[in-house]
Amino acid sequence: MADETTDPASRQQRWEGLAEWPLAACAAIFLALFSVKVLAQPQGLNQHIIHGLLFVLYLPFLVDYVARLVLAEHRTRWFVRHLLDLIVVVLPLMGPLLLLRLVALVGALQRAIGDAIRGRVVVYTAFSAVLLVYAASLAVLQVERPAPGANITSFGDAIWWSVTTITTVGYGDLYPVTVLGRIVAALLMIGGISMVGAITATIASWIVQRVSAEDSAQQAATVAHIESLQAEVSRLADLVAAQTEGRSR
Amino acid sequence: MADETTDPASRQQRWEGLAEWPLAACAAIFLALFSVKVLAQPQGLNQHIIHGLLFVLYLPFLVDYVARLVLAEHRTRWFVRHLLDLIVVVLPLMGPLLLLRLVALVGALQRAIGDAIRGRVVVYTAFSAVLLVYAASLAVLQVERPAPGANITSFGDAIWWSVTTITTVGYGDLYPVTVLGRIVAALLMIGGISMVGAITATIASWIVQRVSAEDSAQQAATVAHIESLQAEVSRLADLVAAQTEGRSR
Amino acid sequence: MADETTDPASRQQRWEGLAEWPLAACAAIFLALFSVKVLAQPQGLNQHIIHGLLFVLYLPFLVDYVARLVLAEHRTRWFVRHLLDLIVVVLPLMGPLLLLRLVALVGALQRAIGDAIRGRVVVYTAFSAVLLVYAASLAVLQVERPAPGANITSFGDAIWWSVTTITTVGYGDLYPVTVLGRIVAALLMIGGISMVGAITATIASWIVQRVSAEDSAQQAATVAHIESLQAEVSRLADLVAAQTEGRSR
Amino acid sequence: MADETTDPASRQQRWEGLAEWPLAACAAIFLALFSVKVLAQPQGLNQHIIHGLLFVLYLPFLVDYVARLVLAEHRTRWFVRHLLDLIVVVLPLMGPLLLLRLVALVGALQRAIGDAIRGRVVVYTAFSAVLLVYAASLAVLQVERPAPGANITSFGDAIWWSVTTITTVGYGDLYPVTVLGRIVAALLMIGGISMVGAITATIASWIVQRVSAEDSAQQAATVAHIESLQAEVSRLADLVAAQTEGRSR
């Protein structure tokens, strides 16, 4: 207990271990309620109830951000490294992006897939891309719909716009015209570039491995080869030792 | 026979081995008929005949999907991993994408090319890109032409739109306006990103190999080097063994 | 002589060695004349002279294509691998792309740069990108200018369109409307994707090298390490051999 | 002293070491004043003062360029390799790009981050992207605002345009119409491609490392493995040497 409280790294890790699943659950409920708010546009009392629940579900993320900042070993470094978390937490309109926490849920999905590192990268990329497109579509629809001159005014259009943006195709038939919509777009573009990068990197790693596997004599020497050589040297050493013993007798 | 029926992996592989070429043939005929339907727009009896044939040629793919799902070792895992197959099979309008099965034909083409892994990646990428552009052009033309306000109304326009989309350039002079057209576009974008990834990865693997080949003393130790060292250690062991023998005589 | 004529590979290589510089010179003059034709738009006799010269300069490329096809070891394989060469040669409007032959000139430029493989990739990429943008701008201007409804009508616009296309940004403020203009665009996009791939791959190779150089104990074992180990084993073998000799005396 | 003046490489390095921080300071002040000029648009005397100060702050970069060219070991090679520096220095309108010198400041930021090579690439990429977007927005706004038919007329629009350009999305809702604006755009696109390349390369290097770490027997043999093997061979050599000694006694 004593050295746990003196080791900030482990305290932060313990917090993250405890908070991961409750936050993922909050994010899932938040997403469902936000979807209802944006897509069904409830009026009167229902609207107030949903706003209240969204606010309550938003608080744990604020608490989590402050807790991780306070528990961090190097607070300045942690702050710089997690600027994106700050943006997501302090901009209420970024709310839907909270559901990126759902990426934690990918763990469950992944057990059905197997756990090769490349398989995991593919699953994370696909799952994050789908979540990001859905969340960005909700967010952009919410902020664009009431704006004058907006061209993203239905959920179908919002999804289509998100897909053309995350893939960096950008036809320009639809585009956000408000500042908040453009911030959502910028985050989506950064997500798209990382997604493209992850796909390219996975293919590159697969090709590099296949190319080197092609000509076995040109393969890099592996630990297995070194160990087989080491076994031979050991056998030789035993032989010499036996000789020495034999002569000393 | 007995242990084959108890080993689902080998049963699925046997099915895929048997089904590969018949399905590729069905896909090629399907593509030809679909091309006639979209480009020549036959009327009356001819239209009914083509619709009938397209339906008949579509059935083997449904049978193949069900068979592979039933024969899969881990059905849930296989289902999750082959969601794209499901989309292609259950969405009749995705029909033209069935011809991606033609990628199997690349095997024949490839024998004329040689079989270095990088060469194979280049050939698969180029062949898939051409097929994808052709199939997506047919599909988008079919669903967009009758839509009000559509701007993709000729086959030339459809090809041009497919090329600007698969390369992620996306001028926006042409773009789909129907839901089905947008789904075709999304699949084409995913194909484009993978294509770009494969090209980048092939160049990267080539550069990495050339850089390491440049300074031979800095090359990674290969299996060949380890084997030459091992030969020397063996020679030494023989020498010591001969010594021991010599003394024991 | 006898075994040179029986070895098609070496005959093709000798042809390419002989033809490289004359073809690069033809390409440079072709480019200069084509630039005059497109940008100055000479009339009357001058126009006829330029057309005549362009035709004469185009013939060597046709001869070169046929010669390389005839001399190829595996003609079918060579034909499939050089489809792009065929397109450039048989489409007179692709003429400006002949100047990609100028890439041969990069050899001279390169000697001023040094010859690390990564440096060479960067120089080839930059030089090819500049040439491709210039040639595609000339070609697209030539085919678009007379078309009704065309929006690429000045050389400045053509250069700007080429840059937005090769980088896959594609604003869509300018775009080709003719079939030939779209073919030029497609070749430019393929060039752009390869260019992006080469840049990414160069950075990737640099990062991989720097990451592995960071922790020297985790570096891959190199040939130098194996050789130092081999020297030690040899020294040991000499010792044992001396022992054997000492005892046998 | 004597051999320092005869070694151009070290003289150039000493100049760069001396000039780095003063130039970064000049760039920071230049950026601040340029921001005031573009965003506040001061009139009368204030405008003249700011123009004067901008000119004074621009001179050190001209001096630095000439000094580095003169001190370079291979002047032609240096000139070819630093063409971008020349463009930035001779085009006064590229002024804002001078602030890319601020990348030197990243050194300070980086000490708060740690110094793994991948971490450094990420920080440089993010910092350069933010600087490039800010500088390009100022520059494009400055040159586009007075142009007839321009659509980038506010700083918010300029930032939005820069983001869609650096990510190569390019909706085309906003685009430069002047020659200078298009040159700024081209530099921004080149920056965007390098940024995408750096992100992809970082992910690729991480995946390659994780894949090889997965199966330890398939890991590349490291220097550490070779050293442990070398220790065993040495122990064996000592054993044989002791034997030889024992017999000679």
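First chain written, first letter: the chains are A, B, C and D, and each begins at residue 1.
In this text, a residue touches a chain if its C-beta (ideal position, glycine included) is under 8 Å from a C-beta of that chain, and two chains touch if they have at least 3 such contacts.
Note that this is a predicted model, so its numbers are computed, not measured.
Novice: Over half shared or under half: which fits the residue numbers at the contact of copies subunit B and subunit D, same or different?
Specialist: Subunit B vs subunit D: same; shared/all numbers exceeds half.
Novice: Give me the C-alpha superposition rotation for subunit C onto subunit D, in degrees, nearest 5.
Specialist: Fitting subunit C to subunit D on C-alpha atoms yields 90 degrees.
Novice: If every chain is reduced to the average of its C-alpha atoms, which one ends up farthest from subunit D?
Specialist: B
Novice: Between B-D, C-D or A-C, which repeats the contact pattern of A-D in over half of its pairs?
Specialist: Having compared contact pairs by residue number, the answer is C-D.
Novice: From the mean C-alpha coordinate of subunit B to that of subunit C, what's the distance rounded to whole Å?
Specialist: Centres of subunit B and subunit C (C-alpha means) sit 27 Å apart.
Novice: Suppose each chain is reduced to the average of its Cα coordinates; what separation in Å results between subunit B and subunit D?
Specialist: Using C-alpha averages as centres, the distance is 38 Å.
Novice: For subunit B, give me the residues that contact two or more of the other chains.
Specialist: Residues 168-172, 196, 200-202, 204, 208, 220-221, 225-226, 229, 233, 236, 240, 243, 247 of subunit B each touch two or more of the other chains.
Novice: If you look only at subunit A, which of its residues touch subunit C in the complex?
Specialist: Where subunit A meets subunit C, its residues are 168, 170-172, 200, 204, 220-221, 226.
Novice: Give every residue of subunit A touching subunit B within the complex, in rising order.
Specialist: Going through subunit A, the ones touching subunit B are 109, 112-114, 156, 160, 163-164, 167-173, 195-196, 199-204, 206-208, 210-211, 214, 216-221, 225-226, 228-229, 232-233, 235-236, 239-240, 242-243, 246-247.
Novice: Which of the residues in subunit C end up touching subunit B in this complex?
Specialist: Touch residues, subunit C against subunit B: 74, 76-77, 80-81, 116-118, 121, 165, 168-172, 175, 179, 182, 185-186, 189-190, 192-194, 196-198, 200-202, 204-205, 208-209, 220-226, 229-230, 233-234, 236-237, 240-241, 243-244, 247-248.
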